[in-house]
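Got a structure for you, questions after.
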């Protein structure tokens, strides 16, 4: 029934390659099916003004898409003079989600910026960005710990994200572009490796959904993120 | 336990005054406790390019806050040269939510823009904006129907929104600012009058929540939005 | 002869309601006929760089219109990326006018920002903003004096503004929108309660006026502002 | 008493050199004392949307200052990303003033843009811009009439502008920078060659003025603009 | 003598992998040493206004760097609201250079946009972008020719670019970052496969160079670009 | 063969008038044929952050064109919200070129900003700007030396620039607009008075050039800049 022939509860294949750029403190290229995102974690000297002197750390994120990561070329945001609403929403989500897995006291007063740039898009780019972003963050934190700059591990639990939606009347896991563009209801679930929820975003465009469907979607998300966490752990091992 | 002395499942008092500006096709001033939002619905000649010639209508929304609607004065977005990420997120949410209650074929090829401007803020402004925005929309559509421009009612069901969160370890309904600024987990539920879900946004900042808590929050939201729909119906009667 | 049936020298009815928002140090809703403006005065911690250390205070103003305050919806300035030329002109005028009634030594090194937001427009919004803005300023200063932060009253005299113009060949007082859109010559007079002039702006668009007409317009303005000052005094009593 | 040694009612010396650039349809370099402004009038193919098909013409203006036209270097507006509030106010004033001397029916459906760029500033740049701008406009219209594109002269009467103010307690004519930076009250008067008033702008910064003073200032302005109109006529003869 | 141990006239190793993204009509990942650039060629429906109806084609280019392509994280241009001067210079150069190898009549009235995004930077990114950009362009044109949309080959000759400079007093070929940041004189040479020059940019920062050195640098550039053209031909074979 | 009737190696007539504005520390109006550029050098208190405390000086430049400096009116960059790519390229070039003639140690920790504003354009404005900019710089430095603020002359050698190109198949010197708009190959050469090269920019648009032509163009440039240096020396004598 799904365009890709996958089962309703079947994820796309996931691969995570680490160390893909020589400059970043942590980096990976995550591929979830044909969605490819390069994630880097940069240790930055500047701290946001609101935490100066607090002893607390900060993790933030930025998101972008290469102009031809998509089926037809998109306008480059740098030329249009600002980041679009969708971009701003996504990068706020990535940062918020990653912070939910961070002990900011243990991190200490420093900032890590996670950049997620989509090389090729086929649906679910923000979820891939969060899942890959955590891997980059993990590697950068490892470097800090190895150097003795951070003593107690500030990463409480892995953070992973998956999309779900209602496609052709059926709740499905991990929508690709063909499904995403047809689904009237879809959203993202962000969970930690310990099963705690970080963010639930289920949204309808010109449609609605019942509470039973919501329950069903949450079941799918729990299974999907468990699979992603396993891939994260393997990648950073 | 709540700063306001309310029960865990108790909404603030709600009032909706209609016809508050002489120019708009529909308007109301909604007060949810000390949160006051003026909502207007404007029938606009221009239609977005992507629906030209489709015969379908469009409902969109914009959101703003007066600089001193808040405890300390905020910078006016018009002077900072752009709408902030929070504003863009909110107005996309309002438009998407209202459209979930609209039959765009019945509306016909015309646009209605709903403006929601916060005069005084005390938490939950986006939910008040959606709830009041629907009232303004209802009144504007009534005018179209009275004039015979629209024959079949394009408003399928009322749309209402309420915030919920975990405050001091307890799921609570309709957070005010005092609660909102303390809650590590909060979000918004948008439902239709027929009980269908439109949007679920539950989000943690530096915290997480369990699946049981999620269930509890959804129960609160269903009760709260039912109360709001009753107020909407009374206002437009 | 006037669309509203008013005499040439007749003001619209004026009402000023104070204390309309719980957050601002001073606030009012001024209604001059169908022109409704909400004015707030905010005591701000930041002082402009050019007066730091001078011991002098500063009063500044910002102005905005809700998108549907007008007959047809206007574009929101926050979405167009900047304040238009008209807005900038108006808010500079409001600030300059209010400062002409302020003893900046007595105020001490602090800033008060007066925000004037038009809820409904029917001509003369900038004059209503100045007149209402002074009331908000008065209330905020009262609070400072009550708290003992300011000892000697920094408000020398009330500041009020009225528009005049030549409509259908006749000098008229307090133009409403129907008149304003027809008048080839119009402008604004800002006076203090003691009769001193602060600003005279008389301007022709595709027309001119004689020196005799100018004299006539000034007579009207003196009478009109006296009436407004009486309303201000009643409101803050 | 005046820093320059001039009498209270004495203008600075005025010179107007025409034909200073080979490309513009009309141009001049006006010098009012040490204030030097280059004015060009450009016949433009585009007409503003609101007059398309009306048969009416349009005259508009833009204003700029070279970065080192002033005592200390100003930031170039092109690098700060927008024209400042002062610039916008001035160029709106120039355009409005020039249009008051134009018969837009006789001009026919075409636009003339008058650019006024200050090479050296010593007070009164906007007045010099209007006075010189009219000369450039006159020359461009002459060209149109010579070519037979315009038959009846659209320029009704010359337009000239002068500043006045209260310096050291005395009303004075044509303020230079040394006076302008000290005067608490100053403004601009724009008149036609036939003595009709176009614009009166008298404004106080931290000061006020009496009605008698206003009368006195208007007397000065009438004399000053008469002198400027004579210089304009000589320049275009 | 060179930090990398290379000879004065020795290029870094070059690899060009084609077909790296499924959406673009042509694409490659070019690696010149540690400088990695992803280049895509997109066939676009829109043509610039100035060639509409001319029958001529257009090739244009855009350039970007991922924020952490560099040693320390750069600000994302989309967040700073505009492309920096360096970016604009580079993308104009890429487009101009590629067009010098294109027969715009043979291409026909269509636009190809070449996007060059730097994944990892180690000096010479603009040269790698031109060299890789030509490969992407070649592949996209091949597709057009295969489809019969273009009959006669519009690509006259390959276009390749290399940097040269004076490092430690010696003319050297293909500067890496360590050299580039020390060189007082450096620049770029863009040549076609047939040896014709397209662009010579030799520029000194706080230094100068003699005409003899200029001759020497041109010799190096001719050899270097010949090597790059061989790699281009192998990649597209 | 040239539209102007000049020989292939013949410059246009050059005049340099100094002291054209009373405010700037150094200024001139340079005329190269019908290209007229006003250049001012401003001694500025602020130093760029990257040299603070280094003891080194800085010379930077900005460039602009009056809207009607050209055959048809150009949009003012201040109204379009940013400097175009061409402007940014040019002003970076001017600054870089002038710095190549400056001993930044001898200048000491201060900044000189050279503004080059084109009053009338007829090709070669950037070259005229560099040549005239050096004269303004020389005069400002003279003032510093006279005042004893700078002891050893920081200006090592004059800096002059000339354009060359291939017009109608022939290398020609100092292109005017009629030639520039036809030439497929053109560029700029910036040299010092001692014959050292600072910048070579030769660029083809839809064309190419041979190495022999390159040699020929360099010969022309050497002769042309020698002539300009003589004019500079005469002007500042």
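Note that the chains take the letters A, B, C, D, E and F in the order they are written out, and that residue 1 is the start of every chain.
Everything below uses one rule, namely that a residue touches a chain if its C-beta (ideal position, glycine included) is under 8 Å from a C-beta of that chain, and two chains touch if they have at least 3 such contacts.
What you see is a predicted model; the values in this text were computed from it and never measured.
Path length between chain A and chain C in the touching-chain graph (shortest route): 2. Shared contacts of chain E and chain F, meaning chains that touch the two of them, come down to nothing at all. Of all the chains, the one whose CA centre sits at the greatest distance from that of chain E is C.
Inter-chain centre distance (chain A to chain D, centres taken as mean C-alpha positions): 59 Å.
Centre-to-centre, using mean CA coordinates, chain D is 51 Å away from chain E. In whole angstrom, the spacing between the mean C-alpha positions of chain B and chain C is 33. Shown for chain A are the residues that touch two or more other chains, namely 82.
Taken as a graph of touching chains, this assembly forms a single closed ring in which every chain touches exactly two others. Listing every chain once round the ring, from chain B with chain C next, yields B, C, D, F, E, A. Those residues of chain C lying in contact with chain D across their complex are 82, 85, 88-89, 92, 96, 99-100, 104, 187, 192, 195-211, 214, 218, 222.
Residues of chain D touching chain F in their complex: 21-24, 27, 34, 38, 40, 42, 44, 62, 64, 66-73, 76-79, 81-83, 87, 113, 115, 117, 119-120.
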